[in-house]
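Please read through the structure below; I'll follow up with questions.
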Amino acid sequence: MATKTVGAEAPGSVSEHLTLDDRIALLRYMLLMRGIEERAMNLYRQGKVPGSFYDGFGQEAVSVGATYAMAAHDRLCILHRDLGGHLVRGVTPARIFAQYMGREGGITGGRDGNVHFGDYRLGCVGMVSMLPDMMLVATGMAMAFKLRGEQRCAITWFGDGSTSRGDFHEAMNWAGVQKLPVIFVLENNQYAYSTPTTSQFAVDPVERAASYGFPGETVDGNDVEAMFEATRRARERALAGEGPTLLEAVTMRMHGHAAHDDMKYVPKEQVEEWRQKDPIDRQETRLREAGVDTAPLREEIKQAIEEGTQEALAGPMPDPDTATDRLFYEGEEPLLLGDGNAPWSGFAGGQS
Amino acid sequence: MPTMTYLQAISDAMRSEMRNDERVLVMGEDIGVFGGAFKVTDGFVEEFGPNRVMDTPLAESGIIGTAIGAAVVGLRPIAEMQFSDFISCGFDQLVNVAGKMYYRQGLPVNITVRLPSGGGFSGGPFHSQNPEAWFMHAPGLKVVAPSTAQDAKGLLISAIRDHNPVVYLEHKHLYRRVKGEVEPGLYETPFTARVAREGTDLSIITYGAMVHTALEATEDLDGASVEVLDLRSLVPLDEEAILASVRKTSKVLVVDEANQMCAAGAQVAAVIADKAFEDLDGPVRRVATPDVPIPFSPPLEQALLPSVDRVKEAAR
Amino acid sequence: MATKTVGAEAPGSVSEHLTLDDRIALLRYMLLMRGIEERAMNLYRQGKVPGSFYDGFGQEAVSVGATYAMAAHDRLCILHRDLGGHLVRGVTPARIFAQYMGREGGITGGRDGNVHFGDYRLGCVGMVSMLPDMMLVATGMAMAFKLRGEQRCAITWFGDGSTSRGDFHEAMNWAGVQKLPVIFVLENNQYAYSTPTTSQFAVDPVERAASYGFPGETVDGNDVEAMFEATRRARERALAGEGPTLLEAVTMRMHGHAAHDDMKYVPKEQVEEWRQKDPIDRQETRLREAGVDTAPLREEIKQAIEEGTQEALAGPMPDPDTATDRLFYEGEEPLLLGDGNAPWSGFAGGQS
Amino acid sequence: MPTMTYLQAISDAMRSEMRNDERVLVMGEDIGVFGGAFKVTDGFVEEFGPNRVMDTPLAESGIIGTAIGAAVVGLRPIAEMQFSDFISCGFDQLVNVAGKMYYRQGLPVNITVRLPSGGGFSGGPFHSQNPEAWFMHAPGLKVVAPSTAQDAKGLLISAIRDHNPVVYLEHKHLYRRVKGEVEPGLYETPFTARVAREGTDLSIITYGAMVHTALEATEDLDGASVEVLDLRSLVPLDEEAILASVRKTSKVLVVDEANQMCAAGAQVAAVIADKAFEDLDGPVRRVATPDVPIPFSPPLEQALLPSVDRVKEAAR
């Protein structure tokens, strides 16, 4: 049986490893994620964001909490509902808006769209659309860490729907049989596009972990501190050579799959029920009860977002003449993930 | 005759044949209640029920593999990939199990694999690909790619009825942009080429979305009379129609939207260079997408996909 | 936890559903399989069998016992260690020898090699090399049976190594979520080519079944009657609408992966230990104790094999001019699996 | 210089570079204690240990995907498919993750994927394929295919050192049939074509096993002087070398072992028909395998694979 970590309803901190500043930082990143995605959605409506638009409204705690537990030298494959992970790693709002708008200043310089990016200088591999391919990439990074005897850990996210694909299995089995330092975060937001989990699997996939030889743990995905703590412990296990962990973050996709999706297929009550569990409200309440005035923080973030938007809007679109450039890398020195400096993730334990 | 969009014609083909033949079912991700990512199966589950309009798990190998199993015991599955790009995840089942079964074992695999393909709308590197050449290079698969609403319907009905695995490429950019008269009821379109416009000075040989680009580019090309051949079927490839057109015009431009290397256009050009050399009085020119992934940002994407202007240029 | 069926060591019948004739038939098919494969190995050594040669020495009970439990209208994807399955369905020795030798009279007429065949008229789909692709094909057949409300069942076999591949997972999950009438026989013969199960998985894959929502059962793969009985029960479940079953047949690959493999990587003791459990010896002992004289049976089979060999050797090689024929089927009528008549499998329950 | 078989040269390349660069490791099925299905890594695990000569689970997507992950954090994995045919099971990771990463994200993926390919020994439909064209049509992958022992070593060392994903096709039928002098130590062979034999009357453009077929077929062709161009690299494709040869001889025969449709040979023929038309004084002929799976039985297989006789025929 998979173990369960119920997210603390108590105002007190869920993790002794979080200082009050850390707990405020967690709120900041969640607010930043939501604010950026809401602003981007407006830009999309104004026709300034090409293609489609995806967001992670209501799931902010999953990527923010988990990423906050990772160290600078750890490596990440962040997914499409997990913008917060990029923010924790240090990607600025301006570059994210530029990314959405396909501008030269975006992380991919307009070559890939929306959340399909990762700043490799910050230790992140940009996701591909094919789900959950990145599970194998994360497994391979962990394999390299173990082969070289490094105290490092890899982490990746993926949704309930993607657990039906073969790569889920090949990654889980590979990581289990080689006992690799990798953390798999299953983001169970109840739907895969329009498909409910009932047509995706007969048994909650967290139960599969045991049959691959490692623990699976269900976490309250709307409690950012619970996500942090569960991930921190999983990372401790990884660094101690105890192998992978599957964390099932139970949450809800509060918006459509993408901008065009009106989500008719989701019962109103279900959305209402989850609105009560909003991860940002919960963390803000906690901090208020701890005596923190969050108003200035909200103000600061509003400004950061507005500045980022303007900076991005001022930036140029990519030069068409560069469209065929840089298909192959022919430089002398290898260009590696996390070259340059990944900022340290902010939490003290992260350095270990 | 009623006029329909290319997308409506695809829906009409499936709906008509599903009413006509209870062995036919559609399988795919989000095609039921949601009606599919592009609403091609909108209203289907209401009419045919969840057994014949099956929302599958997110598993492309599973979709192709189970469709093969269902086919060899008598069903006629239409397997939809949400985007053609995702066929990479079902590639093995398609080329190795479906493609080789009849040749090896004498057991035909009656499946139709629908691939919403092509770019032009900032879909980015994973929602814009044109994978047809991979399947032309995998013996045992038929490959078709309609450019008009009329053919979209007729080719799909033929594909569903064909006893063999048929890869059906439906171009996303044509879904709502292309309208046309479509015969009501059931009809089959043969897997042969179609002359989209008669001409005597130059043959443009193409298929899918590029048929429209070619027609537009040469509507008035300094008064030149340009023939546009719409291949419609890539496997089988209608070599006779290709050679006949070349014989007539002696000048050729081959256009496809896919990355140029080893594309369908390369095969067409090779066939001409081998079998119609004596009829040519100039090089076999090609226009295609350069060999890079399809970028997301409009200026980059537009710089790569064959445009009306690039085709005009090349046709001069 | 997966349940365990220990193969009966007792002389008595393991299954009340088997008459004495049935139990003799089980021995006959196993003897036939072993005899044909040993004869074919000689032909291979004499250079009469092109390509490579694979056999199922020591695993005869797995395919014979399981196939014997299936009805004529059930459908099968038989794998490369499971020649006995084809014999139970009614493929004659002569056609099998012709198949091995790439002759026109072989089941594939020389188009595919060795065990890569299936007589579709007998309800069998010929395997592809890619393992375990056929799990999805079997799942699809079961899906069609359920959609049409037919009382039929599909079955397929696959090895311990192939459980690491994505298609294993996609098939198990699909069959579980749709509750399909399919039987998965995991043939755990301890090795995948040279790779021991310890580098293939951390936990016995039979444990995975529960996490897909259906039972997994470990069976003594060297006890043909235990294999029959476990499969018969799994089929009853399938026909009762209770969904799939995973049967793990524990056995041992007694020969190399293929003719060229000297199996140096296998400890001698391990082979010796398993030689004691030979499935043919066990069944023969049982029948002797039940008063059956098996000598005439052995004689009959020896002759059948010799006749089959001679018939095959007398047959022609395929005509080179036909090499490009029959790429597509353009006939009027559909050509379906099991058209013509699959013989009924021989056991009374098989008709239900 | 020592002489080695093609297979020994491949082993020598890996062994030498593994001694030279501890970032290099080999991953694959049964490559450790067993030394690989073809014994290419025989003795490797004894020298380098199981961490650098890794017996993987039976999971091709896993092999490619984890190799990618290991590469982006600094290792230089050589991923072996037991047979090239099984790359169909790792196709998605190779074309979508490895192939597009650098163009999309600026992050190069330094992996080498070894594909034992080709037919001629009754391998049947799943152990005889030549999949190179699929990867030529997948932007972001380099594709090389040596024909000699000397190049087998040099191209593999170059591939391992190349920062980009390189698909390395090693032809099974050459493993022990081809011997030659091989430089000791470490050297790189550029991804360019090589003139296997100078000639003036006809250019045969080919690669891999067919280089030997072409040489043998034209050793004495009624005294004609036949140039044989060994492409060695398919991506990048050495168009200059191709065009130079055509300019010299004005007659071309393109030979490859793969199924003919959309094959590497189709691309070569298309390039010539477009860019060297004026230099040609005859059609661009092709010899390749017809578009069916490769059958098992010798008479059937031999009827399909390009033979010395068929090449002779076509060269006349």
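Letters A, B, C and D mark the chains in the order given here, with residues in each chain numbered from 1 onward.
Keep this in mind: a contact is a pair of C-beta atoms (placed from the backbone, for glycine too) under 8 Å apart; a residue touches a chain by one contact, two chains touch by 3 or more.
Quick caveat: nothing in here was measured; it's all calculated off a predicted structure.
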item	value
Chain whose average C-alpha position is farthest from chain A's own	C
Centre-to-centre distance between chain D and chain A (centres being mean Cα positions), rounded to whole Å	40
Centroid spacing, where centroids are CA-atom means, of chain A and chain B in whole angstrom	37
Geometric centre distance via CA averages, chain C-chain A, whole Å	46
Touching two or more other chains - residues of chain B	56-57, 59, 61-62, 85, 88-89, 92, 96, 100, 103-104, 125-126, 139-140, 291-293
Residues of chain A touching at least two other chains	108, 111-112, 116, 128-130, 164-167, 170, 173-174, 177, 199-201, 327
Chain contact topology (line, ring, star, complete or other)	complete
Partner chain B, residues of chain D touching it in the complex	85, 88-89, 91-92, 95-96, 99-100, 103-104, 125-126, 133-134, 136-137, 139-140, 235, 237, 254, 258-259, 261-267, 269-270, 272-275, 277-278, 280, 282-286, 291-293
Footprint of chain B on chain A - complex, ascending	50-51, 102-103, 108-113, 116, 128-131, 161-162, 164-167, 192-195, 199-201, 265, 317-324, 327
Chain C - residues contacting chain B, complex	75, 107-108, 111-112, 116-118, 120, 125-126, 128-130, 133, 135-145, 147, 154, 166-167, 170-171, 173-174, 177, 326-331, 334-338
Complex interface listing, chain B residues touching chain C	25, 51-52, 56-57, 59, 61-62, 64-75, 92-93, 96-97, 100-108, 110, 139-140, 142, 163-164
Interface residues, chain C side, partner chain A - complex	164-170, 173-174, 176-177, 179, 198-203, 205, 207-208, 210-214
